[in-house]
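The letters A, B, C and D name the chains in turn, as written, and every chain counts its residues from 1.
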Amino acid sequence: MPTRIDLNCDMGESFGVYKLGRDKEVMDYISSANIACGWHAGDPLVMEETVRLAKEKGVAVGAHPGYPDLLGFGRRRMDLSPSEMEAYLLYQMGALSAFAKAYGLQLQHVKAHGALGNLAFVDLETSKTIARAAARFSKEIVFVALAGSVMVQAAKEVGVRYVEEVYADRVYNPDGTLQSRKIAGSVIHDPEKAAKQALTIVQEGYVVAHDGTKVKVKPDTLCVHGDTPGAIAILQKIREELKKASIAVKPMGQ
Amino acid sequence: MPTRIDLNCDMGESFGVYKLGRDKEVMDYISSANIACGWHAGDPLVMEETVRLAKEKGVAVGAHPGYPDLLGFGRRRMDLSPSEMEAYLLYQMGALSAFAKAYGLQLQHVKAHGALGNLAFVDLETSKTIARAAARFSKEIVFVALAGSVMVQAAKEVGVRYVEEVYADRVYNPDGTLQSRKIAGSVIHDPEKAAKQALTIVQEGYVVAHDGTKVKVKPDTLCVHGDTPGAIAILQKIREELKKASIAVKPMGQ
Amino acid sequence: MPTRIDLNCDMGESFGVYKLGRDKEVMDYISSANIACGWHAGDPLVMEETVRLAKEKGVAVGAHPGYPDLLGFGRRRMDLSPSEMEAYLLYQMGALSAFAKAYGLQLQHVKAHGALGNLAFVDLETSKTIARAAARFSKEIVFVALAGSVMVQAAKEVGVRYVEEVYADRVYNPDGTLQSRKIAGSVIHDPEKAAKQALTIVQEGYVVAHDGTKVKVKPDTLCVHGDTPGAIAILQKIREELKKASIAVKPMGQ
Amino acid sequence: MPTRIDLNCDMGESFGVYKLGRDKEVMDYISSANIACGWHAGDPLVMEETVRLAKEKGVAVGAHPGYPDLLGFGRRRMDLSPSEMEAYLLYQMGALSAFAKAYGLQLQHVKAHGALGNLAFVDLETSKTIARAAARFSKEIVFVALAGSVMVQAAKEVGVRYVEEVYADRVYNPDGTLQSRKIAGSVIHDPEKAAKQALTIVQEGYVVAHDGTKVKVKPDTLCVHGDTPGAIAILQKIREELKKASIAVKPMGQ
């Protein structure tokens, strides 16, 4: 019976005068923060403040790199060569690592953002590029792979530390992929539902797809969105249920 | 009698399809490369290639951070707060450090670029901001200070490793500052002259200002521009004269 | 006795996923919109939507160009040459004009944003650069000058259409300059106070400085901030008072 | 028998300190300049200088808009929505038009750059988006369509002025598409060959594909690359041959 899980959330997505997300509140509920690195969101001041806050709250920090597309928040696919992508990822991980170092921390993990992340879910080559960048960055860094996807295969082929990730607040397809956000209802906003999905994932090792199929998963970390309207309520409920079930919330890298 | 000196040069200033400088050739003559970090020049692919080349040639790598102004090549002063500047510098050092790590190297030094560097020459607060960013980045990194300037004072006040730098191919004012580039003839293009200035600096410990004044300097590293028409000829001549004088060329951080 | 005035407000400052301001509500109260042009804020989609909305509401559109500094929202001074600044302003006015054309409108005015605007308030050369860019853009465009400042002199010297602008919700110094925002209380948040200042400006032709001095002004347009907490309340109150006084609110260019 | 043709070439692709192309020389041989608008290349100073030069040489100016990807020179496809693309194109056309206006000129044409242009060659929706942006910009502007491609269909469906373009220095496939640059030899560097292809296109109304197939074309404008090593020699030879054949070189919009 599993006794621990990691909770990760995207953080540090503000930019200059523009504020996004509720980082300060969300940080109280998670164990790992995926921090934007200034290419699709975030800027050095935001990165510094987010790392400082994570340290204060005992949350582990990871890089959340994306496409060079601030205008599109990294949500638009770009046709990059593997060497371009690999260099862009190293750059972003490195940039964030300076703030981690300044606060006596290390980058725990790397998780691709937006359209790049979505592409990695289904494209082995992209997954391997991200895994390679992670492996080149350090031996300790953890590559976050969508549970059961080609990302796991990529991690194994490249030879990088990895964890498998399941979404607590996303609807799944029977084949284990995430239902497209373009379909209404793909993001779960009901705290009860999300908490139940979270608990089933951790305790039972499966997630129930939209047609009822039980998709087996091996969860190391649960992702919850921090920018949805009810994010805090969802996070509270998940923490509450995990506590009741005596499942500790701890950073994925420990 | 000094038996060694460092030679540093700005590198990695190309961007995307745009080529600048003669990095490949210059790298044969220097011991430390100041590598642009993508904010005023350079991009991740250029950074990776420059680090790779430096490693191949046994040249130590350092960060050459600048203002967020690609359009102006970092040559236009921006009114940034110390906390903005400090975060921007950490970001850039971190970004470059990822490529250094990927090639098994460490960032040896940091040297501010363009208008930021010029401001640091004369402004203690700016110098301290850069020194502070360096100190926060690591204990080992070397802060490059213009010899005899407020940068040296800043390094001491902040408590960061530093070296003093003298320019081999720039004309000096009697007060030890660099003659403005706006004055014709401020950059020395004659290899004989530059080599003579380099040797006097290293062997005699002074640089002759434009009015004949001997300005005392304590040189740890000599800067030579790599983008002037006769850069290679100047570098060759300097190396030749240093060799004759049995002065070894070695990275500043060793 | 004046029977009309223009009300202008900064608009279109959102960027990508980042939302700023309450454009939709504010647009109901103003006659001229200063629209960001994508360099310090705004993007093409935001510009299009803002122009569309202005047309729908019968509000005249103008350019609100700024420094190339999205990271700093154009609030940090940059040392640009006059030719750089002039070209940057033409670029931004042109960019916005395409959306105006697409909706059958013309750019009515140009008003510099942030640190550039602040510099223009006190620096004749900067004011002339902006005036020159406006004059080169078209004969019809109106250059918005801070009432009584060097901007008015610049407009006359360059020979460009201009209007004089007074702030309804900013505290004035006795010399007719704006009290620095760094001083607490420099922005008026009380609707009564702002409306009274607006009315005094329009009806009496002066603004009362913080020490009671009556500063004579020749107002063509009143500026009100749209991003302060009570912006809507202030705008409502100003419109109410202007209506009582039978002063029509009409675009400055008519 | 045709007595005139237009010659167009990409211009204004320098950026900041970075120089690209030989605009000053090329401008002597062409009748229409496709000017980069600052998103994938070019900047306001470069745009101004390119427009000034075009005016001096009697060359008509057009916009050469691209993806928001300076880092990739607009050569990497991005998944943009039609409304994003349309707004980005309007923005870029508008920006350039300000410089045209400042020099008493009008934008004659618009031609998409790089990966966007390549996509338009084969994708009707993309072609229609560009055509729509052109039509919204003005009634006079000419949309440059690859001869015989879906771009011609798009122009007709949208109802925009258009011309058909044939490449003088590119190898054609038998179906009228351009042979991919990834295949060696796809760009013609031999002045004799390019001039012969140009003349055949203009006088005979066909282009000979790599397998000998005669592809019928209705050429209004010939494109020649200005950044290839032998660009000037090719342009000289084409002009010489056109002159011999009494074919005048005139802007497409006249």
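Everything below uses one rule, namely that a residue touches a chain if its C-beta (ideal position, glycine included) is under 8 Å from a C-beta of that chain, and two chains touch if they have at least 3 such contacts.
Since this is a predicted model, take the numbers as computed values, not measurements.
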Chains touching subunit B and subunit D alike, please list them. A, C
Chain pair among A-C, B-D or A-D whose interface repeats that of B-C, sharing over half of the contact pairs by residue number: A-D
Indicate whether more than half of the residue numbers at the subunit A-subunit B interface occur in both copies; give same if so and different if not. same
CA centre of subunit A versus CA centre of subunit D: separation in Å? 44
Computed distance of Cα centres, subunit D from subunit C, in Å: 39
Please set out, as single numbers or ranges, the residues of subunit D touching at least two other chains. 71-72, 84
Considering the complex alone, what residue numbers of subunit C touch subunit A? 15-20, 41, 43, 70-73
Report the residues of subunit D in contact with subunit A in the complex, numbered from low to high. 68-69, 71-72, 76-80, 84, 115
Would you mind writing out the residues of subunit D in touch with subunit C in their complex? 38, 44-45, 47-48, 83-84, 87-88, 90-99, 101-102, 136-138
